[in-house]
Every structure is written in C-alpha cells, then in structure tokens.
C-alpha cells in the first residue's frame, strides 16, 4: 500500500494507543475519584476514535471498499461514556467519597447528592 | 408538551433515518438489497419501539444540528489534549471544583444531550441534574474561572440546543 | 415408521411445548387429559419401537441425514428401546398419580414432566456422546424444576444439594468429553469405539483419564458409593409422582456406564479394555452394603424406598462388573423390576403419609387409615417384590444375578451381600409393614378417601411384578438377546455403519 | 503458548473448585461460574490452539477445528441456564431457610459469624 | 396336567372364602373345603399307581433362564405328605369353623389357610429345585399372615415377624444351597439331582451346599438353635398351631431332608450335623416342655422335641432309621394335631390355657378329656397307640448305629432320657388338666364343645388307635412307598408288629415309662431347680437384636450421610482426583509431538489479568460485590482469549452471556448477604485448597498434554461440507444449526426449561429486602436517573437493529440467533433497569412463556419439515435466489431454525430477569404454589 | 513501519490494562473499581481493534461493537446496584 496511508494509519494507531494509555494513567495516578473520572471518560473517546479511523483506513485500503462501520463503535462510546460518567459520579456522591481538599465548592456535591438546588 | 408522533406510520422519522444509515454502516455497503432491507428495518423497528419512547420535543434546524455536532467533535479533540496535559502534569497543579450550572432548557432529551456534551468536552463531567431539572452539577478537573465556565456552557452548548428543540 | 426412533423424544417435547401455549396452558384439566393421552401414545409407540428393533434389528436414525460419525445418530437397539419402554410405562403411572391432584401444587408440572421424559428417552436413544451430555442436562434441569414442585423447606434444601452436586458433575462430564474428543477426535460412540484401540500410548493415558472421569459422572447419577449420599434425602423430599419418576434416573447413570464402558471401553478396546471394572467391583459391593444399612436405618417409608434404590444400584453395579452376557441380562431384568417396584413404593408411601396426619409415613403408631386394606395389600405386594420373595418378580432377578455370579471368582463376595441385603430388606420391610398397618392409636381417619386414579396408578405399577414372573420366560429371553447385542461390539459398529449408508 | 493456556485452565479450575467447596450458596455459584470458564477453555482446547484460523470459509489460510467451538457454544448456553437456576434457587433457599448456607442452617463454628451475617444471614 | 391341579385347586381356594364369607359361616367353611377335597380325591386317584411303585412326573417350561420349570413329581413321599396336608387340612377347616369367633374375619383366615395349604402341596410335589424353593418361601409368607392373624396383639405381630425372619433367613440359605447343587449337577431338575448323589457328595462345594440346605431345613423345622421361634408362633389361632406347627409346616424341613436324602445323606458330615442337632433338640424340647404352664407352650416344645427325634433318625445314616423317621412323621402329625385341637377346645370352652388354673376338667368335659388323654398317651409312647410303634423303632435304631465308635452307647441312653421326659410332660398334660383338684378362677365354666368341633379330634384319635393296633393293614403300604421314595431303592425288611418280645428297645420304653413317672412324681424339686435360672425369652432377645442392628445402622448412616453438602462435594472431588490422576502415571512425558505457538506479550498480559482476577475472586469471595467485579474481568479475558484463538463466535457468545450473568447475579445478590465472615477453619481451607489445587494440576497437565499432541478429527468433513452441504461459510454456525442442530435444539430446550423452573422458584417467594446497603447507608433517592433513561430508550432501536444484523449474518460470518437473542434481551432488560417495571408494563405486552414455547416449536417444526420431503429430522434446505436489481441472496431453513433459537433465548432470558426484577414490586408473581 | 506501530500500540494498551487491574485491586472505593472495570472494557475494545488491524480481518468488529454496547449496560447496572441495591424496581 502507499507509504502515506501506512504512515497515517501508524500515526493514528500510536496516537490512539497513547490516549487510551493516558486515560488509564489518569485513572491510576489522579488523587481522588472525581478527578480520576475525567481520565477514562474522555481520553478513551478520542483514543478509540483514532484507533477506529486507523482501522477504517486500513480496511478500506485492503478490502478495496469504503469501510465505515467502525464509526458505529465510536458512536456508541460517544453516547454511553457520558452516562457512565454520570452514573459513576452519582455513586461516588452517594458514597460521599472524599475529594481533594483544594476542591472548590465541595459542599455542592452534598446538594447534588440530594438532587437539590444549590 | 405531549407532542403525539407526527406520522402514525413513521413515528420517529429521525430515528428511522439514523437506523437506515446505521444499517448501511453495519453492512459497509449501499447495495440495493441492503437499501431495501435497511429501509424495511428502519420502518419496522420504530413501529415496534415507539411505545418505548417518552414523547420528546421534535428536532428543528437541521443545519444547526450539523453545526453543533461538528463543533462538539472539535471540542472533544481539544478536550482530550487538554486532559492529557493535565493527567501527565503533576496532580498538585490541579484545582478541581464543583460547579452548579443553571439550566434554561427543559425536558429530558435536550438536557441529556447537554449534559453529555458537557461530559465530553473540556475538563468537566456532568455529575448530577437537580430534581427539578433546573440545575446541572458539573465536576471540573481544573477550574480557572467559574462564571466563565458557566457562560461557556450556556452560550456554546445550551443556546444551540435551545434553537434545535425550540423550547 | 422410519421416523419411529424420534417419537420418544419428539412426542413429549412437543406435548410440553403445546402445554405452554393456549388453549392447553389455560386450564389444568385440559393439561391432564392431554398429557395422559400423550403418555399412552408414548407407551404404544415405545412398544412398536421395541418390536421393530427386536425383529428388524437395531434401528439407526441419522439426524439431518449427516452420516455417522459426522452427524448425530439415534440408536434404537434392544437395550435402549427396552429402557425407553420402561420410562414410558413408569412415566404414565406417575402421570396418572399426579393427575389426582399433586400436579396442581405448583406451576408447569405437566410441561416439566414431559421435558423430563424427553430427556430420559433422549439419553437412552442417542448414539453420540456429546448429545448424551445434552440430554443429561435436559433431564437434569427438568428434574431440578420438578424436585421443588409443591414447595416447602425440605424440597428447597434437598434441591440445593442435588443441583450443586450435579452442576459439578456436569463440569466433570465436559472435562471428560474434552479429553475424549481431544484424543479420539470423534463424538459418535460407535466411531470412538472403533478408534480407541488404535490410539498411541500418549493418547491412551489421556483417553483413560477421560473414560474414568465419565465413570465418576455416571456414578454420581447412578448414586454409586461414595457419590450416593445425596440420593436418600432428595428422593424422600420429592413429591410422590416425581420421586416415582426419579426411580428411573439412577438407572440412566447405570445405563450410561453400560453403554459407554461396554462399547467404547469394552473387552476388545485394546489397552483401554474394561478400565471401569476394577472400580465397579468394590464400589458396587460397598454401595449394596450401604444401601442395605440405609434400608435398616430408615425411619420412614420414603427413606426406605430411597435406600432401596441404592440397594438396586449396588446390585446392578455388581452385575455390570461381572462383564458377561448372563450378568448383563440379569442386570436388565433386575432394572425393569426394581425401577417399577421402587416407583410404586414411593407412591404407596405418599398414599400412606397423606392418610396418617402428622405421623406421615414414619414408622410410628398413628391413627387408622382409609382404605387400609387396599394400601396394605399394595404394600404387601411391593414389599415381597423388593425383598425378593417368590412368587413376585424380585426373586427371579435375584436368582438371575446369583446364577450369573456362579463361576466368577468374586462369587464368594457377591452371594453373601446379595442374600444378606435381601434379609436386611426382609427385616426392615416387615417392621415397616407391621408398624404402619397393625399398630394404630385406634383413632379413626379424618382425611377424605383416596382418589381412584392414585390407586389405579399404583395398581398398574404393581401388576408388573407378577407379570414379570408369569412371562419371565419371554422377558429373560429378550434381556438375553439384548445383552448379547450389547456385548457384541463388532456387530454394533457394523449396524451403525449400515445405518449410515 | 500452550503451557500458559494450560496453566490458566488449571488456575481457573482450582479457584472454581475451591469456591464450590465453600459453605454459602452465592460463593458456590461464583465458583461454578469460574469452573464453567475453565471447562469451556478446556473443551475448546480439545481442538488445539490456532492463531488467525477462524473457521469462516475464505477468511483464513487454514482453519481451526470448528467442532469444539460448537460444543463450547452449547456448553456456554447450558451453563448459563444452570447458573441462572442455581442462583434463583439460592435466593429461594434464603427465603425459605432464612440463611444462605448450602445446608440450610449455619453450622456451629469456632469462628464467630460476621455482623453483616447476623443482620442479613 | 392334573398334578398342576393338585396345587392349583387349593390356590384357587384362596379366593373362595373371600367370596362366600358373606353367606354365613357354614356355607363359607363348606365351600372352602370343596376344592382341597377335590384335590385330595385327585391324589387318591393317583395313589393306586404309586402303591404299584411308580412315580408320576409332569413338566411345563416356564423361565428357562433361571432353570425354573413348572415340574411336578408324585411319589410315595409326596403322597404321604399330600395325605397329611390335605387330610388334616380338611379337618382343620372343619375345626376352625367352630373355633373362630364371630369377630374374626373368617374369609381372611380361610384364605390365608388355603394359601398356606397350596404352598405346602407345592413343596411336596415339586420336581424342580427353584420351584420347590418358591413354594418353600410361600409357606413362610402365609405362615406369617396366619400367625399375625390377631395382629392387634403385640405378641402376635412379634411372633409372626420372628417366624418370618428366621424361616426367611433359612429360605435364603436354602436358595443358595439349591443353586449350588443345581450348579454342581448343571440342572435344577430334582430327578437329575437325586440321581447324581455321588457326584454331589464328591463335589468340592458339597459341605457348603449341605450346610446351606440344612440351615433351611433346621430353621423351618425348629431345630436347635433355631427352635426359639416356634413357641412364639403359638400366639396364632389354635387351628393354625394344629396345622402348621405340628402337622405340616414344621414338617417341611423334615420333608426337605428326606427328599434330598439320596443326594446329600450318607456322609459323616451329614451324620454329625443332623444327628447331633436332632439329639440336642430332642432333649432340650422334652426338658423345657415339662416346665411350660401354657398348654400350647407345652405342646410346642414337645413338637420341637419330636421333630428333633425325627431329625436324629434321618441323621443316623441307616435305611431303617429313615423308615422309622417317615413312620414317626405320620404318627406325630396325627397325635399332635389332635392334641392341639383338644387344647384349642379347652381354651375355647374354659377361656384359659394355664395349667395352673385348669384342673379337674374331667368332670366338665369327660368326652373331650378321653380323646385328649388317648392322644397324650400316644405322645408318651404307650403300647397299642401309634406313638409306641415308631418310638420302638427309634430305640432300635439308636442301638444299631455305631457312629460315635466306642461312645455310641451315649445316643440310646440320651434317647431314653428324652423319652422319659416326654412321658413326664404327657403325664403332666393329662393329670394337671383333667384331674388334680378343682379349676381355679377360670373366665368361664368349662363344658363340652359343639358336636362338630369334636369330629376332627375323634377322627385323629381313632387313627392313633387304628395305627397303633393294626399297623400292618393301615400304614404298611403307605410307609413302604414313602420310604422307597426316600431311599430311592428297595426298602429294608422291617416289621410293624406291636410285640417284638422282650428286647432292648422294649426295656428302654419301660425305662422311659418308669423314668417319666418318677420325674413327674418328683416334679416339685425339678420345678424349684428350674426356677433358679430365669429362662431367656427369645422374643426379647430377638427383638433386642433387631433393635440393635437397626440402631447401629442408623448410627452409621448418620455418621456418613451427615447432610453436609461440602462433604459430599469433597468426596466427589476426591473421586474425580483419583480417577483423573491415576492414568497420568502411565503418561511418559507431558509434551506431545505437536508444534507449539510462540509466546507473545499480549497473551502474557491476558494470562496475568486472568490469573490475578481469578485469584482475587477467591481471596475476596466473602466480599461478594467485589468478587463479582473480578469475576466479570475473568469473563472478559476469557472471551478475549476466544477471540485470539480464532473463535469469534465464542468470543461474542461469551461476552453477551457474561453480561447477562452479571446482571442476574446483581439482581440476586440484592437479596443475599453482602459480606460474610470467615466460616471455615484454616485446616479445612488448606485441605480444600489442596484438593482443588491437585485437581487443577491434573486438569492443567491433561490440558497441556492434549494441546501438545497431534490430532486428526472428523472436522475436515464439516469444513468441506459447510458451504456445499449446509449453505453457510461460518462452519461453527453451520454445525450448530445443521450438522449438530439436534444439540442446539436440546440446548434451547434446556434454556426454556430453566426459565420455567426459575419461574416456579420465584412464584410466591417471600424474601427479606434490605432497606439499607451493607454499610448501613439509605438507598439513593433517584430510582431512575434521567440521563440513563433517555440514553437507554434511544439506544433500544439501535440495539434491535444490531441484533437483527447479528442474526442475519450468523450463517456466513460470526453471529447467529443466540447472540442476537441475548443482545435483544439485554436491550430490553436495560429498559427495565432504566425505567422500572411500572413504566414497562403498559409498553411491552409479550408473554415470554409463549416466546419460549414458540421458539422451541419453530425450531422443532423446521426439523419436522424435512419429513415432508421424506428426509430425516432436521435435514436442512437452502437455495440462492436472484431478484432483479436487488441481486442474489440466500434462503435457508437453518435461518428458521435460528429464529426459533432467537425467540427462545429472548423469551427465557426475559422470563428470568424480568420476573426476578418484579420480585420487589407489586407485579410479583403469585401462583397457587404453597398456598 | 505499520507492524512497529501496532506493536507499540499493543504494548501501550496492555500496560493500560495492567494499570486498570491495579486500580481494580487497590480500589479504594467501589466506584473506583467499577470505573476501572469500565475502562478495562474500553481498553479491550482497543485491543480487539488492534488485533483486527494486525491480522487484517474484520471478523472481530462485532466483538468490539458488543463490548461497547454491553459493557455500558453492565457498568450502569453495577452503579444502579450501588445506588439502589434493587436493579429493577
């Protein structure tokens, strides 16, 4: 296959993998649950995006037809990731997990826990 | 707003369109056979599942929709680099925060879309929605200016949604 | 007619399915009529199938038209058809008994019952070892569901034990199947039989492990010591018709040992010939003794009957261990006899316990019973049969086994236990009978009289006993032929191949 | 590769059987689930291991043995049915006996029962 | 087949009384008598031929497999016993008609009696060992019924049980013995057996066989040490005692010994066992009889003693002795039956059998007294009575033998002693009952019995006299043919004269008389002497023994079968370990010759994930939610493994099942304890771990050995025929829906049944619902988070679309009905979780039960469809079609089958999960189960 | 070049998976563990995609799709369990 396609694919693959990794890294090293929550929910979306685009490009190039179905996975992730994050945040607040001391407006989480107005 | 589906046979036209597209995506083809089958499914499945849908405000302004989607996608990319930076950097520098964003839009679907967008875009996760659906609680990974953030959310994301759902 | 071998599986299955759909699903009466009808049909069909395979030779049904060893085959030979007929008859009687009202103590009795029958028949008929597993699971899951029929603490508790043990058993079954396929490379029992002798040393060792693991699995089903402990309480807890039907379940295990270990690991399996026998001897022997001890120890008729099942299993294992036509034939006769009579005993125990209030079927003084005479006669006949007293079927089976043991080295082991277990049964049963029927507080019964249907069911089961003696000649001739057929492995292999072509 | 695979199967088997030997229904169920994983992997192994050999005609150069895969599929389904039943049975026995011990009553033990158990067991 | 009728008539007679009972006692008794009388006539018709010295044989084949034929033989011995059985039987019928009270069920009594009679007849005319044993056991059964006729009395029950157990045990021994003999001569035909006596005596197994047969005989004939059951059998109605326990059944053992005399007798072993047993029994019985206060007790022990006498005679290995034995059989039957009947009359008319109360009855019932006294004298062996003759022969024979060498004189001595005692107790019977002062507080004043009640006694006593006075004319011929049958060759010369002159036997008799008188005269001292030891009550000993056996076995059972599942599983695992490990020792080396795949990092990572999570599951198994999370990791990795090793279908299935399982477990866990504390001791834990570990090692080893060894399977066929024969390129799927579609059909059936069973379990379940979580927190106030609701319902159509996609492609690429079904189910369950039952209820109106049934039905119907084309069940069909513009597409029956799978899966999973969910809501199932 | 890229990517994803497992072990809270599990699902999707790319086959696309769809359900279910205990009410 042409060099530039291979180049693009390779770059996308590595980039995606890096984002995936960063997501997990964030999950690993960030200090409290709420901050950890950011890592996976986000990094993954783009990370997966890159990987899937790479795969699309490659398959398209190999099979000779335009392969777009990987987009579906991205679509699903985009739809579900926020809900996952939301549910997890709810559980965290339900368990009143402690957060970084420097967190601003900690007490809002208490209001949020009761689903009251601030 | 108990908007009855506009067409009895095609209760959710947008869904149907989406389904047809998804079908073609799934099968990686626009072969006529699949077009027919896809169309058929796009017609039948909504009929089956329309009962399982709470009535929601209808969509308007297709162009706005497209613009909104593209914008969000862009923001997602930015958001990821942003978060990547924060994650790699030392946790000391972070100053996380809880922010309550007042909502103007009503109804489940629009709010859900907004909350999702917020979750997908820079440094924020929608943690909770107040019972009266007037407030969106957001956890911010690294807060610089609270009002600025609220402003951003309301202008950049809520307004177009208001337009789209006309409520 | 060519599809006849499918009948014992399809008929109950479809019956069950239809009873889940309206109009049958709506009322119990419809289900009763329907299911009795179906069972009668099944009995008739089984008779025809038996005659077919007896006269025209083994019937091989090639499912999907895929030739063995590739597809699944049903093998209706003398042995399997006999077991199928036995199942149908027992099933019919249990069904009749249930229709007197027990079927209404919970949901889905009739569909589950039919599925149970389907599973058992399938296990008997299939000629494919993995398909055997599938049918085992069908009959097991159905039995799990039937066991809790009627509800109550005891049932739940017994069921927990029964289910968990059998789930572990199923896992072991799969391990064994994995090994066997991984070494022999085939699933068709006949094909495996023909390939086993050709295995290399490395594979042989593995295949042996597989074969022995299968023995564990079948031993668990058959309640072979030390895997029999679950049985008494489970059977005693089950509601009467279910327990009666369960009388055939242990026999499924015995049958599988017979099928697998005489066909795949039979005398001419080369290095893997009769790998099970060294284990069957002591285990069967001990099982028989444990069963006899259990019979003596049992405080209630249900438990006695359950332990009698174990006694029968032990006896059968000894017969199998002898590994000769005469013994196998004896085992087959004994199977018919013991299955039907233990089934009857479970029903009788229920008749008694529903008449005696709190005392139930325990061996304690209690008030008089309605129909004490009828039940008494029934119990007397069943008792004599299980003890092995003439003129009822028990003695023929006993003599057949004793005679088969003549000339076997282990005769000195077999005779005493077989005879003494008989004596133990005599002591236990006579105590049971005299206590239940002859020691009463004198209070008159208050339960309403027993439904005729139940009595008919019991009677049907019991008349098998004298019939087995009167027509003993015919029956033993058949079992002889069946045994020969089973031990003639080469012929078996050929028939399947012909069936294939 | 085969060695690692076999080792994993062994570990799963061990864990499964160990949990099956415990006294609480739910634990036993978890054990059975682990065990069924082991069983499925084992049964699958009877067709030997193969990379890039999916038994889809035209998709691979040489194919892995499809039969064990079919068997494992059946096994998985049956296993699921059984697990489902035993789980609900566990609930039922909790409902009927008031505790979730496999024998229906918690045996006298040297170790005191946990508080959670006094409340829920 | 007339001999058959000889048995059959009494057997049919069993039914007669049950039918005629309602017509009154006379008619009943009369009708009962007809059939045995008839059969007696039949016998007498044969008698002529027998006296001419030939034996009639008739045979019908029955169960050749066990050598059982209906085979009859009527010879002298049989004739003799037939006359006793049928003759005395008829008298007993007559007697019983008056004896039985109106409370007793006459029909039942007669029925049992006839059953017994036919059994006895069967024994004595059997010409087949098995058949003989069959009737033998039948006598045990019928005597059980007769002894326990008054079952409301405890001693009747106990006595009956004892008799049954002892004789039953003997029966088993007899069976073994007969089978051995049959094996020796390779035939169960009695003629053959009797003909080959030498072969039998020469056989290595002869001693065993002999002992076994004798055990049978001794138990039946109440020989020491098995005599104890007989006295307790006296709790039976007196007619029974008269019939069974004097005339017939107890003679069955004697008959057996006589029958097998040609085959088994003639060896020292025979002599030692039989004669000594007889001698001891003779003395013991005679001695104890003296001290019995109960009339029937006395008679019982005297019976024992006389049976001993006969046994002793048979044991002497002399032909004349055998003749004497036969003779005494006749005599004893006659006088003992009459004595029992007399005793019965006394009991019946005076209400007591206690000789301490019964005195001076002569005044009240002189006629009966006379009869009884004559009979008693005959029992004592007084001249001019039949007892005397056989006693004489007996004495003579004891003198003729020289078995014990120089000690042989002991036998005649002891014989005399025994005789003396029998004289003594006979005297006691006469004197204590009929004279010896006035009766002491009897329930009623004695009087003569009804006329016809005496007739049987009269007949028998007359016989005593006739035989005693005119032996030659009365019994000579019968005795001769009978003895001939016993000896099976010419009968030795013997002389039945009343007077043989002053010879030793005569003096022995005289001695016995005198001795008897002295003993009876000095009985007080004897009684005092006897009073020192309290005689053991066999009943208590026996019942006690049985009780001990029962309790011991109860203890054993409790010990082993202690109801601990953990133990049972442990045993199961041990067995598995042994069975799985033992063959591995033959395994020379684990590694086979197959090329292995190089290791790569991803696999290692997977392995690490798998192993660590599995171990974590174990470590945290008491914190259940945690265990669940780790469990799902294991499941995930397993499905990844399937993916890596070229099994995409497995990966998909595993994944979807995985998720459903997790949801299921979560649903269930809510109702169960969240955490439990440590319950097993470390010893147990390490033990369990050890066994589990060992099995793990075994399985792992086998797995490795398997993986590394080459294999050629039947699968090439599937690969080759998948497309051409099954119309699909996804071979796995084609196997599932076509090659092995039957498995799949079974598999979905299992799923369906499981769903039904679970429904059964859930119905009416009343279960504790925690209101706070395990940390004591109240539950969140948000049952249905809005975002989740919104997203779930908008995902539903997508999910359905995907499942259609997965379904349709299954035949050619990974996918299929099962996975599609699970996806649909999960999508619907997601709605339940998101919206709750109340929201779903109006929106989903499917009856999942119908889905299951429909699914299985469709799949089956697809299979049945092939019958139309005369193909076997589940034969599949497929074809390619080409529509303009749309292009080519395939239709296959397999798809219909797969649809069945799909529906069943959806139905089953929904039935399970939805109803489980409803458990906490108002929609929970209420059925009539446990209501 | 592509193969190297794939290798690097594979290593990164594997390391991520290990990291997830580590978080799963150390917790400390249940939400942490659920989050780790969810991330694991997503990372395994990545792994499968890489696998497909490496062996240039589309056979595993559905597996990835399924994890994306069902992983979400199981995560949500677990959260619901913690929030309400009762999944379906």
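Letters A, B, C, D, E and F name the chains as they come in the text, with residue numbers starting at 1 for each one.
Rule of thumb we're sticking to: contacts are C-beta pairs under 8 Å (C-beta built on N, C-alpha and C of every residue); 3 or more make two chains touch, one makes a residue touch a chain.
These numbers were taken from a predicted model, which means no experiment stands behind them.
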item	value
Chain pair with the higher count of C-beta pairs in contact (A-E, C-E)	C-E
Remotest chain, subunit B as reference, centres from CA atoms	E
Chain whose average C-alpha position is farthest from subunit F's own	E
Centroid distance [mean C-alpha coordinates] between subunit B and subunit A, Å	16
Between subunit F and subunit C, distance of the C-alpha-averaged centres to the nearest whole Å	49
Averaged-CA centre spacing for the pair subunit F and subunit E, given as whole angstrom	62
Rounded Å distance, subunit D centre to subunit F centre (Cα mean)	22
Residue numbers of subunit B (touch at least two other chains)	22, 26-27, 115-116, 126, 129, 131
Per-residue multi-chain contacts in subunit C, two or more chains	130, 134, 137, 141, 144-145, 148, 152, 160-161, 164, 168, 175, 178-179, 181-182, 187
Contacts with two or more other chains, residues of subunit E listed in rising order	563, 565, 569, 573, 644, 648, 669, 699, 706, 711, 713-714, 718, 739-740, 743, 747, 750, 753-754, 757, 761, 770, 780, 782, 785, 787-788, 791, 794-795, 798, 802, 813-814, 916
Pairs of chains found to touch, sorted by chain label	A-B, A-E, A-F, B-E, C-D, C-E, D-E, D-F, E-F
List of subunit E residues in touch with subunit F within their complex	601-602, 605, 608-609, 612-613, 616, 625-626, 629-630, 632-633, 636, 639-640, 643-644, 648, 651-652, 655-656, 658-659, 662-663, 666-667, 669-670, 769-770, 773, 779-780, 782-783, 785, 788, 795, 799, 802, 806, 813-815, 819, 823, 826, 829-830, 832-834, 836-837, 913-914, 916-918, 920-921
Residue ranges of subunit F touching subunit D (in the complex, touch as defined)	55, 57, 59
Subunit A - residues contacting subunit B, complex	19, 22-23, 25-26, 29-32, 34-35, 37-39, 41-43, 45-47, 49, 65-69, 71-72, 75, 78-79, 81-83, 85-86, 89-90, 93, 99-100, 102-106, 108-109, 111-113, 115-118
In the complex, subunit A residues that touch subunit F	6-7, 9-11, 13-14, 16-18, 20-21, 23-25, 27-28, 33, 36-37, 39-40, 44, 47-48, 51-52, 54-55, 58-59, 62-63, 67, 69-70, 72-73, 76-77, 80, 83-84, 87-88, 90-92, 94-95, 97
Interfacial residue positions of subunit E with respect to subunit C in the complex	61-68, 130, 133-135, 137-138, 140-141, 144, 148, 151-152, 157, 160-161, 164-165, 168-169, 172-173, 175-176, 179, 183, 546, 549-550, 553-554, 556-558, 560-561, 563, 565, 567-569, 571-576, 579-584, 586-588, 592, 698-699, 702, 705-706, 709, 711-714, 717-718, 725, 738-743, 746-747, 749-750, 753-754, 756-757, 759-761, 763-764, 849-850, 852-854, 856-857, 860, 864, 866-867, 871-876, 927-930
